[in-house]
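Each of the next two complexes has chain A plus one other chain: chain B in the first, chain C in the second.
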Partner chain A sequence: MHRQSSETVRSTIVPFSPPASKHTSMSSLAQPPMSSSSSLRFPQNRKTIYDRHLNRSKTSELSKASFAFLFGEMVGYAQKRVAGIQDLEKKLNAHGYMVGQRLLELYSWREGRSAKRETRILGALQFLTTTVWTSLFNKAADALEKSREKEDEYMIADNEPVVNTYISIPKEMGTLNCAAFQAGVIEAVLDGCSFPCNVTAHSVVSEQFPQKTIFLIKFDQKVLDREAQLGAST
Partner chain B sequence: MSSFYFVILGTKDNPLYEAEFGTFKQGGDGVSRFREEQRHMNQFIAHASLDIVEEIQWNNQSMYLKVVDKFYGVLVSCFLTAGNIKFLLLHEVKSEDAIRNFFTDVYDLYTKTLMNPFYSVNQTITSPIFDQRVKQVAKKYL
Partner chain C sequence: MVVLSLFIMNKSGGLIYHRNFNSGLQSLSANDYLVLAGTFHGVHAITSLINPVNNTTEAGIRGGPPRGLEVMESEMFRMQCFQTLTGIKFLVFTEPGQPNVDVVCKKIYEIYADYVMKNPFYQIEMPIRCEQFDRELGKFLKGKQ
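For the complex of A and B:
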């Protein structure tokens, strides 16, 4: 009984389908580019992400206030969903990571024909402290240092991190540094260049620069191995 | 009439996008003329060339690595983005500049795809508009 009813349903569909398919093929002839994407939704001005340009002129800079507001909201949002300071920093790091993955390709693209891939640790770090820093914050990083004790650790210092400009840390969360977001950006850029590493942000308070932050970069052992091998071959 | 096979691979050598097209030069119609048994060979050749790409990528800082591999008259050209995404193009005729231009324009399209907040690295590219744009670029240069 049930089987029969399903058959009757199918038979009612079959005569209907040919005219329907004819109709779609006709409309696809009329609008060839949109034929396969009839279910896609377009913005009102019909401009997709592929119609926009990747270059930004100097005049279209972002206002610092709106960025600070957005960033503050982001920290607040993350804070509601975590148990402790470490978790919060991890979450901010993850947010930054997604930004960094995109920035790497975007800034490389903007360098145009002179763009190159970084194959050495120092080159990758310099790309970070100059290109990435200046594009993001309009200044170069304040220092780039190699750790004396440990072979795999590098440090980037920023005296006044832009992300922390309007952030004040409550006393009970003393060790928190919201520049963990920026650390995530760094991690993603280095990771993208295939220098897997772990980046953390640490506050180093001084009289002159109360917001001073050190980004501690710890590379994977295989990065160092590769570096040693490359150094030997060239 | 020469045909092309183009594939984008992610950081874990996972395929993100794949396309086949023929030449538009010399009155070509842009339809690929690969025989059915050649189709899976294309994927195989592209995959086999990855070892060579990995070998030369550390001694060479440029993104466009030119022809990296040959296999019975099939040439493999490679373009590596800063984020280690590989563009591979299988072709029969050597034309460095045209392929460089093709890759540069696809890089532009890829970067735009990446700017989409709902797209993440290593996700397959399913956008029909991306597909359409890649074919337009192919028509322009290849």
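For the complex of A and C:
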């Protein structure tokens, strides 16, 4: 019964085969533009970015110009969707946060067996100023300081933030610093290490380093409490 | 090398940047600079049209559209014009008889491409107000002197 039905199906197809083959030849003609549009997502060897080894991009370098254009567009995009300077910084911070979350995962994976979970504030900050900074910007941060007045504040200084290389802030924008993006990255990495905090970027203009930026890290109270406990136990 | 002054004009002949690099220069009013730039733009357009050589072959040899006035020299100064493919014109004023100004023009173009075009706050065709550009330009031209 079943076989018979399949035979009837085939017999109905056979008379129609010439137009069907014509159709396939047309689709094969139409294929080149289709494959070229899909090659945006799939390279020739059908391997996407997800198929590559995670260490592949470890030592490779990116074009600074293309980054500058991309980042410029990000700033422009964010600028169209906000009301004021503070909103813009918040938006850039949020963009950076998404990058930071992924970076922490990647860097801890790359450290492999030597990866260590930082429990102390200083350890986490050092991981940030050395490992994260060198992998991102190919240099270490220029200074790491603890605030004298406030217990919960730490500062990382970068004399020439890579993200700001080509950016000049117009006068009417005042205190805006686009390194808020970088502050977002820092915030995400520290959050991921379970040091919840708030990070902001501030320009500190000096003659020698006109682009100098201080990242002000303000930790949550519970981080300080934990730090005190750990300090007491050792 | 002494660069006296730099003008940058957009493709419609508007002056978008002007800076003097020498303190002892005669200065004009802001309006006069604009008129000067506009006039030069017109003269430049005319000179590129009165080109007696057949334009098509000329373009084939040198690439790009036919170019107009490039150098003007007087007793007191030498003016070099560099027009980019996008129509931006860089006018560099130097002392008379100065060689290799075209190299300086290219470098200024490079600084412009970096610090003006990559700045998200710069609106195209508008006057250039970028601190970084001023700084890098100053650094480059001071190193030359």
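Following the convention adopted for this analysis, the second predicted complex is superposed on the first by the 181 of 234 C-alpha atoms of A that agree within 3 Å, B and C clash if a C-alpha of one lies under 4 Å from a C-alpha of the other, contacts with A are read in each partner's own complex, and residues count from 1 in each chain.
The working rule: contacts are C-beta pairs under 8 Å (C-beta built on N, C-alpha and C of every residue); 3 or more make two chains touch, one makes a residue touch a chain.
Because the structure is predicted, anything quoted here is derived from the model rather than measured.
Asker: Touch check for A:105: first (chain B), second (chain C), both, or neither?
Answerer: A:105: touches chain B, not chain C.
Asker: Answer with first, second, both or neither: which of chain B and chain C does A:210 touch in the superposed model?
Answerer: Second partner only, chain C.
Asker: With both complexes overlaid on chain A, does A:76 touch chain B (first), chain C (second), both or neither?
Answerer: second
Asker: Does chain B (first) or chain C (second) touch A:230, or do both, or does neither?
Answerer: The first partner, chain B, only.
Asker: Between chain B and chain C, which one contacts more residues of chain A in the superposed model?
Answerer: The partner that reaches more residues of chain A in the superposed model: B.
Asker: Pick out the shared contact residues on chain A: the ones touching chain B in one complex and chain C in the other.
Answerer: Touching chain B in the first complex and chain C in the second, no residue of chain A appears in both lists.
Asker: Which part of chain A faces chain C closely enough to touch in the complex?
Answerer: It is residues 65, 68-69, 71-73, 75-76, 79, 166-171, 173, 178, 210-211 of chain A that touch chain C.
Asker: In their complex, what parts of chain B are in touch with chain A?
Answerer: Result: residues 11, 57-63, 80-85, 107-116, 120-121, 128-130, 132-133 of chain B touch chain A.
Asker: Help me check something: in the complex, which residues belonging to chain A touch chain B?
Answerer: 33, 36-37, 40, 48-50, 52, 54, 98, 101-102, 104-106, 108-109, 115-119, 192-194, 226, 230, 233-234
Asker: Write out the stretch or stretches of chain C touching chain A in their complex.
Answerer: Contacts found on chain C: 114-115, 118-122, 129-133, 135.
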